[in-house]
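Have a look at these structures, which come just after this line.
Below, chain A partners chain B and then partners chain C, in two separate complexes.
Coming up: the complex of A and B.
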C-alpha cells in the first residue's frame, strides 16, 4: 500500500498561491481557514525561498497523540484524518502541530473555536466516500475518485508534489541530481523520521511484524 | 537609411545570441548549475534558522501567525504533556488517595476528645459559607472536567465509547470555560473575607511542631480562627488558585495576551498546578468530612459543637466567648 506524502521543492516554488486557492475552491473550506498556506523566507533578500505548507500527515502525528477525545486516525495510506463529530475544539492539536495545520472556524474566546479543520490530503473523513455529508464536513474525497490532492495537481512549477512517498522522493532525487543541489525535502525530517533519522513508517511496520 | 542601420544590427545580434544560446538549451546537463547559493551562506544554516524559529517568513494572508513555517515547541509541549505531566500527575493523584487511606487506617476518624456540650457556636456565617461553596463547587467541576481532558481518553473513553465520551467531554469543556469565572469570583471573596485570619503567627509554629495533633490523640495545639494547616490550605488556594486563574484566562482568550509558545507553557503550568491543587483539596475534603468528627458543620450550617471548637480553635473560642482555654478537657495527664 502506498504511503502518501507531500513534498515542497523550495527551489521551484514561485509563491503564486495557486495551491491555496485550488484547495479552498475544491474543498469549500470554511471562511478564514487556510488548509494550505504559502510562506516566504528572506523575502526580498538574496536566498529568498518560498514553501507551501499544509498538514504533512506525519507518521507519528502529534495532533493524534495529544487529542483528548482521540478523534484522529491514520488511514492505511498514512493520511492523518479526524472526525469532526468527536472534535471538541480544545485547540490541543494546534498546540502540538509543528506545521500549524489545525485551524478553527472561530476566534476561540471562551473556548468557542468550533470544529477543527485541516488538510485531508483530499481524502475526506470518516463518512461514506464521496457522500454529501463527507463533502460538507471535510471537502472533496479525490483519493476515492482515483485522483491526487488538487494543490499539487495544479502546481504550475511542480514544486508541490503529492502522492506515493517512493515516487515523490524519486522525482525529487532526480531533480537534485540534475541540478546539482537541493534544499532537502522540507519538513520530511519532522513529519516522517525519528530523532535519529530513521523512517517512522519502517519502524511501525517492524513493530507490527514482531 | 542611417536610422535603419542600428535596427539591422540589433536583429543580427539577436539571431547571433539565439544561436549561441541554442546548444545550452539542447543539453542542459552539460551546463553548470545555476548559482542560486549566496556566498558564505550555508543552505543548512538557513533551514536550521527556520527550524529553530530564528527566521520567520512572510505570508500574504491576514493571519500573520501563519508566517511561522515550523514551530518546534509543539513537540516539546507534546512530550511534556504526554510524558512527565501525565505520569507524575497520576502518581501525585494516586499518592494522595493512598496516603489518606493509610492515614484513615492508622488514625481512624478524629473524634471530639472531650464530652460534647450540646451547645454550638457560629463559625462561618451564610455569606462566608456561600463564598466557600461557590469556590468549592466550581473547583470540583473544574477539576473533574480538567482531569477528563488529561486522562479521560485512557479511562472513560474505553468505557463510554467515542461519541458519548466526546459529547461528555464537550460539555465538560464548556463547563470548564465558564465555571472558571465562578471560581475566580469565589477565590476573590474567600481572599477578602479570610485574609486577616490567615496571617502566619507564632501559634502556627507550635501547631506545625505538634503536627496539629493529627497523629496523636488528645493533642490540641492552640489556634485562632484558622490553625496552621488551614492557613496552608488558604494560601495554597489563594496562590495556586490565582495562578490557575491567570493561566486559565490566558488560555481562554488565545492570542489576546500570549503567543503560542507562552500558551503552551501556560497550559503545562495550568495542568501541573491544578494537579497539585486537586491533591491538596482532596486532603482538605477528607479532613472536613470523614476525617474529623464535627468539622463538616463549620461549612454545613455554620454552627460547630462548642467542645470541637475548644479542642481545635481554643484561642478563637476565647476571643468569641471570653472563656479561658484548657479548662474543659484535659490534654492527657503528665504523670502517665
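Coming up: the complex of A and C.
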C-alpha cells in the first residue's frame, strides 16, 4: 500500500510561493487560511533556507491524538483528514501540530471561530468523491482524479515532492547522491520517525502483524 | 506585345482567387479530422479503467509523468 508523503528539498526551494498560490486557488481556500506557507529558516544568517510547509500527514498525527471529538482520521494511504461536520473548533489541534497546519478562517480583525481547515493532500474529505459538498468543505479531490497535490505538481524547481513515499524518497536520494550533501529532508524526522529514528510506518505494520 | 492579363492561362484549374476557397475547405477538413481523433482517443490524462473501483491514489500516466519530471 502506497503511503502519501510530502518532502521539501530545502536546497531547491527558491521561495517563489507558487505552491501557496496554487493551493489557495485550486481548493478555493477561505480568507485568513493558508494551507501551505513558505517559511524562511536561519533568516539573514549563513545557511539560510526556505521551505514549503503544510500538513505533513504525520504517521502518528498529534492533531488526531488531541482532538476531543475525534474528528480526524487517517486513510489507508496515510493521508490525515478531518470531518468538518464533527469539528467543534476548540483549537487543540492547532496547538498540537508541530507544523502549524490546522487553521481557522479569519474573516474579521478579531477572527471568527468555526471549523478548522487544513491541507487534505488534495484528497477531499469524508463526503462523496468529487462531489459539490466535498469541494465546498475541503477543496479539490485530485487524488480521486488520478493526480497529485497541485502544490507539488506546480513547483518549478521540483523542490516540493508529493506522492508515494517510496517514489519520493527515491527521487530525493538520487539528488543527494548527485550533489553529495544535504540528506536532511526537512520535517521528515518530526512527521514520520520516532525519537530513536525508527520509521513509524514500519513500527505500525509490525504491531499490526503481531 | 507583353500584355499578359486576362487571356493568360484562362482555364487554369486553380485560379488565383480560388486559392482562399480551397485553403478554407482544407482547414475545415483538418479540423473535422482533429475533432474525430480527440473523440476516439479521449483526453490525455484519462484515468485507467479501474478508476471506478479505486478512488484514492493510483499510478496513472499523469502521476508517472510527475515523478519523471521530478528526476532532474
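Remarks
The rule is short, and it goes like this: the second predicted complex is superposed on the first by the 198 of 210 C-alpha atoms of A that agree within 3 Å, B and C clash if a C-alpha of one lies under 4 Å from a C-alpha of the other, contacts with A are read in each partner's own complex, and residues count from 1 in each chain.
The rule we apply is simple: a contact is a pair of C-beta atoms (placed from the backbone, for glycine too) under 8 Å apart; a residue touches a chain by one contact, two chains touch by 3 or more.
For clarity, every value in this text was computed on a predicted model and none was experimentally measured.
The superposed arrangement places chain B and chain C next to each other on chain A without a clash.
When both complexes are overlaid on chain A, the residue A:75 reaches chain C alone and has no touch with chain B. Of the two partners chain B and chain C, it is B that touches the larger number of chain A residues.
After superposing the two complexes on chain A, the angle subtended at the C-alpha centre of chain A by the centres of chain B and chain C comes to 150 degrees, rounded to the nearest 10.
Once the two complexes are overlaid on the shared chain, A:163 sits against chain C while remaining clear of chain B.
In the superposition on chain A, contact is made by A:98 with chain B only, not with chain C. By the touch criterion defined above, A:2 lies against chain C but remains apart from chain B after alignment on the C-alpha atoms of chain A.
Contacts of A:90 after superposition: chain B is touched, whereas chain C is not reached. Contact with chain B, but none with chain C, is seen for A:47 once the two complexes are overlaid on the shared chain. No C-alpha atom of chain B lies closer than 12 Å to one of chain C in the superposed arrangement.
Comparing the two complexes, no residue of chain A contacts chain B in one case and chain C in the other. Interface of chain B with chain A (complex): residues 28-29, 33-34, 36-38, 41, 43, 46-47, 50-51, 55-61, 63, 65-72, 74-75, 77-78, 81-82, 148-150, 152-153, 157, 162-163, 165-166, 169-170, 173-174, 176-178, 252-256, 260, 263-264, 267. Of all the residues in chain A, the ones that touch chain C in their complex are 2, 4, 75-77, 79, 123, 129, 143-148, 152-153, 158, 161, 163-164, 167, 171, 174.
Note for the complex: chain A touches chain B at residues 11, 17, 20, 34, 37-43, 46-47, 49, 51, 53, 62, 65-71, 83, 85-91, 95-100, 108-111, 178-181, 183-184, 186-187, 190. Contacts from chain C toward chain A in the complex involve residues 45, 47-48, 51, 55-60, 62-63, 66-67, 69-72.
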